[in-house]
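There are two complexes below, and they share subunit A, which is joined by subunit B in the first and by subunit C in the second.
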Partner chain A sequence: MASVRRKTGESLLIRYLILGTWALFCLMPVIWFLSIGLRSRVEIITPQPIYFPIFSLEAWWMIWEDWPMAKYLLNSVGAIFGSVVIDLILAIPAAYSLSRYNYRFREDIGFYILSTRMMAPAIVAIPIFFLFKNMGLLDSIWALMLIYAAINLSIVTWIIRSYMMDIPKELEDAARTDGASDMRILWEIITPAILPGIITAAVIAMIFAINEFLFTLLIASTPKGYTMSVALANFTGGSDGVIYNAIALVSFLAFVPVFIVVVLTQKHLSRGLTMGAVKG
Partner chain B sequence: MARIQLKNIQKRWGHIYGVRDVNIDIADEEFLVLLGPSGCGKTTTMRMIAGLEDPSEGEILMDGEYMNDVDSRDRDVAMVFQGYALYPNMSIYENIRFPLRMRGVPKEEHDKLVREAADMVEMGDYLDRKPSALSGGQRQRAALARAVVRQPQVFLMDEPLSNLDAKLRQAMRIQIKHLQRQLKITSVYVTHDQIEALTLADRIVIMESGNIQQVGTPDEIYSDPANAFVAGFIGSPPMNLVEGVVKNNTFTSEGISIPKLDVNFDGPVKLGIRPEDCLVMNGGKKKAHLQGDVYAVEPTGDITYLTIRISGQNFEVKADRDYRAEPGKKETVLFDTDRLYFFDVKSGERIRS
Partner chain C sequence: MTNTPQVNLGPQRQSRFKRRNKKLKAWFPYILVAPAVLYLMMITLYPGIYAVVQSFHYVKFGPWNFIGLENYNELFGDYQFWGALTNTFIMGAISLITQSVIALALAYFAYRDPWVKGWRIIFLVPMLFMPSAVAFIYKLFFLDARVISDLLMRIGLIDGNLAIQSSIWMSRTLLIIADVWQWTPFLFLIFVAGLQGQDEEVEEAARLDGATWPQIFWNISLPLMKPVIAVAMVIRAIDITTMFTSVFIITKGGPAFGTETISYFIYRTGFKFFNFGYASAASVVMLVITIVVAQLVVKRAFMSARD
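Up next is the complex of A and B:
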């Protein structure tokens, strides 16, 4: 052998140094948010640089005591969770149909579903407002659930469909000759086999939903229906001016649930995102 | 148990025929092999028996009962696939149990039946494993167990061994044959491997471009081919086919001359002779039928393959295992004249005299 490279302590150190720098770079906004959120208002608006910050829980107490933040958080989590459930219940059978059954205009229907995503949301804002007003669903978490589900349904359907198309047809043929009905095949064979794809789609839908602002603002006119993203807007106006530390802290709080979900599903997520790439 | 009849089966997609005029009568307990090159319609024919594909025309009968409009899951067939098609999220135990659950077999019997089926293919020790933790051979055995667990009326196998290596393939072939004889289930087996077809089959159906070329026992297919396609497809190496002319009971073509033939026709024909029906004369010219240059010699241990180049094509001969020659050497070959075949040049149909 010409040359054998061994892992030395030195090369390992360099490797960790590079990865550590990269991790720090990615985490910087989060750390920055947290550092702003945990300092007093006076300290963060001072023009002089501060080398030794004094941490305070001023903003923390403010958002919980002066604002119904717990309610907002609950609204966010409830609406998002509900919307993802609705999406999966509708998208899995739809994706199955689009990936497996042969019928006229199948490809067109698939495209129409995706095209709903191409529309600027503002175009449908007013009709949607009246639609929900007439249904008496304004200012309600159920309305948010439906809106988020509708917004994300197309993308969730498409992600799941692409995973289903990777499932070998033989698997279904085997189940069919074994005596399984279409529904049994879908729930017992296909769905477990594409679980990473379903989780990927659900996480993506969740991230989109938590960031949704326009429709939430439209539907939720009182704190009863506010979510975290709309609550943030409350800190930018009014007699108190822009409350930077509260904004930073609420943003951090909105980030935490997503972060937890991603960490919990990481194994499936990375498999899901790379599945199409490594399979021959 | 079941007899399967295919009557005038056609399968087409638009104007393209996948299967054309297929008529097969498969007897109860018979082991039938559909053999042909890829794209010949053999898998499509099997899938129509399974109910996974609908014929465009024709009838499929099982024990005389019209089956065309019966759903796949209501036909009592079990199928083994080339890619094993084990359910990846289930253990081997659950995989084998799946057809029992789907067909409403009483729960108390499941465990006994699953274990029996697994033991039949020596998979009893692997029931807790997931398919991904098994080798190819073990996966295919698990797939076999899943197919036999509910004792189906018909057993369908679609190239079940083609993903396995040669040694494993032979072992599995023996196991499949044993299993079929033991269970006495009518079986249809699709393959492009003639060795599998010849060793397993009671009868072989040879297909090409959607048409049946010949139906017969392995012996008939080998010794009495119906046309040049079958002759050229079966045998390893396959039959040599040489175009030439018969005149006054003598066949001649470049490098070949066979006098005193017992034939009652004249004109251009295609001659067929199997490599194993040739005798190498080591250059002796007396009585030899073929004369040409050695192109290649391939010793394999038990036999030596000799290739002679005549009229721009390879002519294969099975020689004695000690036979050796350098390329370019003049060689002569004697044919077993009782085992010559003649085919029509255009249609490829056999000419019998």
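Up next is the complex of A and C:
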């Protein structure tokens, strides 16, 4: 009995050693980067790294006064919000069709939607660039909205589809015998029942839209259309080089809301990230 | 005159309406899914055709000049293109294997832990930063502020600053570390969910039979987890092969094109050298590879994991 207890004690030590080490590895760069955001520029790139800097809000004033940060923020929020709305409008009926009806090519259509997720953005970058150029949409949040929606549509559809498959068919059948139409069943019975799935899909789509880089870089070629993600890459002051403290602060500005939303929805996150393949 | 046809049409119209209604019912699921499919064709089918057509042309800024297979001819003899393919594969494979092993180990230790929720939130943090921000963290940490060199010097492992930027393997390692740091949480999260979703009674029964936790993990949990692991790794593999942001920000593909990925190659030939026809040819090759891999690997992984 005693030996068993000692054994579990040992494995606990190893467990916490390993988990703790990884936690440290996760958090150290983040804390260090935060310290970069809260120091002045002269303390960033020095012959010897400074580990305990003097606190300074230089970067905070810089991002609002020297850069159109409010504009970038608005672009990000607008494009992301719009794209999620487009996704939900297209994905809910599509997911309903894929999860509730039996018809020819259903599996193929489902897989086609999924497979668009595998396409490297670089493959389609050139045609998409010219498409938006010809439509006169370069440098606008409309183009970003359309492209973010397209990138995330496969994920959103598959997540919602997975949640719809969990709804027992009896629920619909009861409504159908009462004479409700298919459309009414979708909007008044199914959609409210899978609300957690819809929120999960929206959160995941939001994260991927915030992260999107290549298309934004190409579509938004001037500060007019920059989002936070791409604005970062342009925080350079000519001969002064990369302005790291501003970059660090903006990174945290984007991180905090995402972190809060994810902590609130984390129960569903793993299911969302695998597009419904793993039920968390 | 006006009345007679109406009376005659009465039953006819009704049956036609019924027929149309039935037809509509058969088409209904297609109608529901059509808008999404059409929308996705905008970013897949249209660009695909566009890229194929453009790849047969010489396109700089002006008109498209038809040159047949010349772009492909040049592409297959281009060592930078082959280099980009190899780099993508090497960095992707090392990164994917590393993060899968780490994530599985962490998940094994964390899923039975009473504080699993806390670990999950801590481990999630890197994933929630924008990739461009992560790239800058690592660029500053390894290159511009030379923190890693300084730390290694302090503990006496090296004498001078590391010349990371002039070493292909050190540059690759830097990109891999950034990717592992940011995306191990993705796999961890899914693996933990997979382990937690398993039937506890099976584990308990094995434990009563005297099996140790490592034995249970290797012989029971892991085999049951296979579909979950496959799906997670496939998703990660897709994203790793499209690696662009960190290359763009940290290494610009250097030194000596040693870290140039296929995405960066297409970007550079298209939007730096404005050789659009050539870049399109590279896109088409990538597209073909993507479709083949999707059909062979992804389809199987997803179909086996589902439901």
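Assume the second predicted complex is superposed on the first by the 216 of 280 C-alpha atoms of A that agree within 3 Å, B and C clash if a C-alpha of one lies under 4 Å from a C-alpha of the other, contacts with A are read in each partner's own complex, and residues count from 1 in each chain.
Just so it is clear, a residue touches a chain if its C-beta (ideal position, glycine included) is under 8 Å from a C-beta of that chain, and two chains touch if they have at least 3 such contacts.
Just so it is clear, the model here is predicted, and its values are computed rather than measured.
Colleague: Output check: A:Ile147 vs subunit B and subunit C. Expected answer is one of first, second, both, neither. What do you get?
Modeller: In the superposition, A:Ile147 contacts subunit C only.
Colleague: If we overlay the two complexes on their shared chain A, which of subunit B and subunit C does A:Val230 touch? Say first, second, both or neither.
Modeller: Only subunit C; A:Val230 stays clear of subunit B.
Colleague: Mind working out whether A:Val262 is in touch with subunit B, subunit C, both or neither, as first, second, both or neither?
Modeller: Only subunit C; A:Val262 stays clear of subunit B.
Colleague: What's your read, subunit B or subunit C touching more residues of subunit A?
Modeller: Comparing subunit B with subunit C, the partner touching more subunit A residues is C.
Colleague: In the overlay, answer first, second, both or neither for which of subunit B and subunit C A:Arg106 touches.
Modeller: Once the two structures are laid over each other on A, A:Arg106 reaches subunit C alone.
Colleague: If you stack the two complexes on chain A, which partner ends up touching A:Met118: first (subunit B), second (subunit C), both, or neither?
Modeller: Second partner only, subunit C.
Colleague: Any idea which subunit A residues touch subunit C in the complex?
Modeller: 11, 14-15, 18-19, 22-23, 25-27, 29-30, 32-33, 36, 44-46, 48-49, 90-91, 93-94, 96-98, 100-101, 103, 106, 109, 111-131, 147, 149-151, 153-154, 157, 165, 182, 207, 210-211, 213-214, 217-218, 228-230, 232-233, 241-242, 244, 247-248, 250-251, 254-255, 258-259, 262-263, 266, 269-271, 273-280
Colleague: Within the complex, which stretch of subunit B touches subunit A?
Modeller: 47, 50-52, 72-75, 77-79, 81-83, 85-89, 98-99, 102-103, 146, 156
Colleague: Note which residues of subunit A are touching subunit B in the complex, please.
Modeller: Residue list for subunit A touching subunit B: 168, 170-171, 173-181, 184, 188-189, 192-193, 195.
Colleague: Please output the residues of subunit C touching subunit A within their complex, sorted ascending.
Modeller: Those in contact with subunit A are residues 26, 28-30, 32-33, 35-37, 39-40, 42-44, 46-48, 50-51, 54, 102, 105-106, 109-110, 113, 117, 119-126, 128-133, 136-141, 144-147, 150, 181, 184-186, 189-190, 192-194, 196-197, 213, 227-228, 231-232, 235, 238, 241-242, 244-245, 248-249, 262-264, 266-267, 270-271, 276, 279-280, 283, 286-287, 290-291, 293-294, 298-299, 302, 305-307.
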